[in-house]
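Reading through the structure tokens given below for one structure.
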Amino acid sequence: MPNSVYKIIELVGSSPTSWEDAVNNAVTKASESLRDLRICEVVQLDTKIENGKIVAYRARVQLSFKYEKE
Amino acid sequence: MPNSVYKIIELVGSSPTSWEDAVNNAVTKASESLRDLRICEVVQLDTKIENGKIVAYRARVQLSFKYEKE
Amino acid sequence: MPNSVYKIIELVGSSPTSWEDAVNNAVTKASESLRDLRICEVVQLDTKIENGKIVAYRARVQLSFKYEKE
Amino acid sequence: MPNSVYKIIELVGSSPTSWEDAVNNAVTKASESLRDLRICEVVQLDTKIENGKIVAYRARVQLSFKYEKE
Amino acid sequence: MPNSVYKIIELVGSSPTSWEDAVNNAVTKASESLRDLRICEVVQLDTKIENGKIVAYRARVQLSFKYEKE
Amino acid sequence: MPNSVYKIIELVGSSPTSWEDAVNNAVTKASESLRDLRICEVVQLDTKIENGKIVAYRARVQLSFKYEKE
Amino acid sequence: MPNSVYKIIELVGSSPTSWEDAVNNAVTKASESLRDLRICEVVQLDTKIENGKIVAYRARVQLSFKYEKE
Amino acid sequence: MPNSVYKIIELVGSSPTSWEDAVNNAVTKASESLRDLRICEVVQLDTKIENGKIVAYRARVQLSFKYEKE
Amino acid sequence: MPNSVYKIIELVGSSPTSWEDAVNNAVTKASESLRDLRICEVVQLDTKIENGKIVAYRARVQLSFKYEKE
Amino acid sequence: MPNSVYKIIELVGSSPTSWEDAVNNAVTKASESLRDLRICEVVQLDTKIENGKIVAYRARVQLSFKYEKE
Amino acid sequence: MPNSVYKIIELVGSSPTSWEDAVNNAVTKASESLRDLRICEVVQLDTKIENGKIVAYRARVQLSFKYEKE
Amino acid sequence: MPNSVYKIIELVGSSPTSWEDAVNNAVTKASESLRDLRICEVVQLDTKIENGKIVAYRARVQLSFKYEKE
């Protein structure tokens, strides 16, 4: 990657089953409009609770990809 | 939530299978005596090892719920 | 305070007008059931938004007071 | 929010009077071109000083909203 | 510890002689009303000064114990 | 500012009404003996409580100014 | 563990399926040449992406074990 | 800058010679499509190694500029 | 402390016997030229080693006192 | 130290009496197989508790020494 | 350094060419009025940009030296 | 890298001229006894000062490489 520039954006993915699936949902959504996705770092994990039960696993991630223009 | 106050407590859940299950155990235990649980943030993940094998996935979490009184 | 022990709890106060008022709400609620409140440190500030407008200023705080028993 | 994805951007709002107003300016500006704004977390607060007087309260914030596409 | 849940509380112990003694005071006080205390992590150390002399060594600690109910 | 050097000092300002006013008090005091004050970053916000009421909003800040000599 | 000394090393495990499996791979590899493994703390989680799909879940961990000699 | 709003984006620049050059590459690329660039803060520095030699100095930076619209 | 301003300076104290003594040395030295010392927070603890033996316990501390002028 | 390279390892020392002694135990053990130990920084302090009493003071430290080879 | 006390101050150096030069400028300026400078730790690196070009490399540093008196 | 495990070690490199050279010295030394070096992350930068002049630029780095055995 000689002198190429990457951009990093922050997303929150969500899933009723696992954090792996939550990250997968964020990556899938981002790959619809971005190319050259490279690495996705987890910044924060949490769960949403309703009526005493976990209803969503959420992952806040930083996603890097080749920077074209703003 | 006009002017309502929430409290945050810190728990460590444990499971032989996954961190999702570890958090689920902490939430289930807490929901026995607390109501209006809202969000559960992961602070730290680790595993306990015995004889070279993982025997427990542990999650340290911060759990928020409506504050009634101490 | 020779050898006395203090406890620190974490609360989230909320207000439609300011973070000072949000903290004040948390302190007022806590003082109903706790005595000897001493210091309240801000851990996180955020705002809740609805329809493009701020509807609540929220402050996550750590409140210290004399520790009697659990 | 089943499986929906949120994006988080970082803005710096400014005001001559207060940090609440500084955040309000950032949210108002963002709501001109973004919909479904949800939460705005404070990352850093500072003030600009000229001739020994505070001329601007500035708030660096992270703003989350529904992610459509890049 | 199959699936058991632990709770973590934050205390500030104080002593005129050392931080070890300050932590010991916090643990002793907590053990009056809590059982199954396990680990006590130091979060912050400071000293209180009066008339240019240290009058108290203080330790802010996180104490973990078996979670029964709120 | 070609090659000029700035110094940063840490102050704690206090006010009975707001954190903006607390920072203002620190800046006003510092400007009595320092010139070329530039930026004042907030490091920590807390409140002092007496008899269950907030008596002071305190702001710990880092203040930068042109460095002349020690 | 009277006066015994532990060492902590940092590893990155990888798996195509989950972070639990990634940590398991790191622990399994380490247990080939180290004995008395005790705890494995997660420092960072990320995923590697190729052609818009997650191809590896990676976990950076700190692994503690009885210290014999360098 | 009365009430103006700034945005902060995160980029990774790369160079075979130095971190100063890596940041310069990121700024040059960004200035093709953004105006009013102001400050570029370093978040992380690393190097890529191949065959025991450093082949790239990389700088992860946060770049602020006047916010027009999303 | 109505509206008074405090300053915080950073010192490193050293002692051949303990960290409590190291902090005490820093406080004693500072109290020769500063009045109204209040609190001394520990930022970092380390030890200096010579010939495989600890020769000094060092404590990096932040010391607060009433701010008169620069 | 012209161009010499140092390595840093992480150890946990333990003692029934004090954190100074815990660090001393880690340094003594390390000096059996490493030479040119230089500085030992404290990363974390905690205590192990049994039956409501502290049974061990533990210090997690980073120890630097001259790097020969892996 | 038996029992001697060191002070740490925070400066921001600036240079049109590199961060090494920026730190050098801060050290040179400080050495005009301070003696026994020892170590200079980097806290933050950034660059100032004008018209899409880097005009200054800035380094925020913590400088330690023998503490005489305030 | 299907399921392979990497190890991360921490080194301090030093150079009289620049931090790039300091990191280069650490990488060169490590590559004498380690293979498959991959990435070298900067953890801390500082300089050593003698007689008011910088005599060494030092970089504390984390170096990752393929993990064979302890």
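When the chains are written out, they are named A, B, C, D, E, F, G, H, I, J, K and L in that same order, and each has its own residue count from 1.
The working rule: contacts are C-beta pairs under 8 Å (C-beta built on N, C-alpha and C of every residue); 3 or more make two chains touch, one makes a residue touch a chain.
The shown structure was predicted, so the numbers you read here are calculated from the model rather than taken from an experiment.
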| item | value |
| --- | --- |
| Lowest number of touching-chain links that must be crossed from chain D to chain L | 2 |
| Pair in D-H, E-I or D-F that repeats A-H, with over half of contact pairs matching by residue number | D-H |
| Length of the line joining the C-alpha centres of chain C and chain E, rounded to whole Å | 21 |
| Whole-Å gap separating chain A and chain G, where each centre is the average of the chain's CA atoms | 23 |
| Whole-Å gap separating chain A and chain I, where each centre is the average of the chain's CA atoms | 44 |
| Junction residues of chain E - those touching two or more other chains | 9, 18-19, 45 |
| Pairwise chain contacts, counting only pairs that touch as defined | A-B, A-D, A-G, A-H, B-C, B-E, B-G, C-D, C-E, C-F, D-F, D-H, E-I, E-J, F-I, F-K, G-J, G-L, H-K, H-L, I-J, I-K, J-L, K-L |
| Sites on chain J touched by chain L in the complex | 1-9, 62, 64, 67, 69-70 |
| Chain G-facing residues of chain J, complex | 9-16, 25-26, 29-30, 32-34, 56, 60 |
| Chain L-facing residues of chain K, complex | 18-20, 23-24, 27-28, 31, 35, 37-42 |
| Contact footprint of chain I on chain E as seen in their complex | 17-19, 44-49, 52-54, 57 |
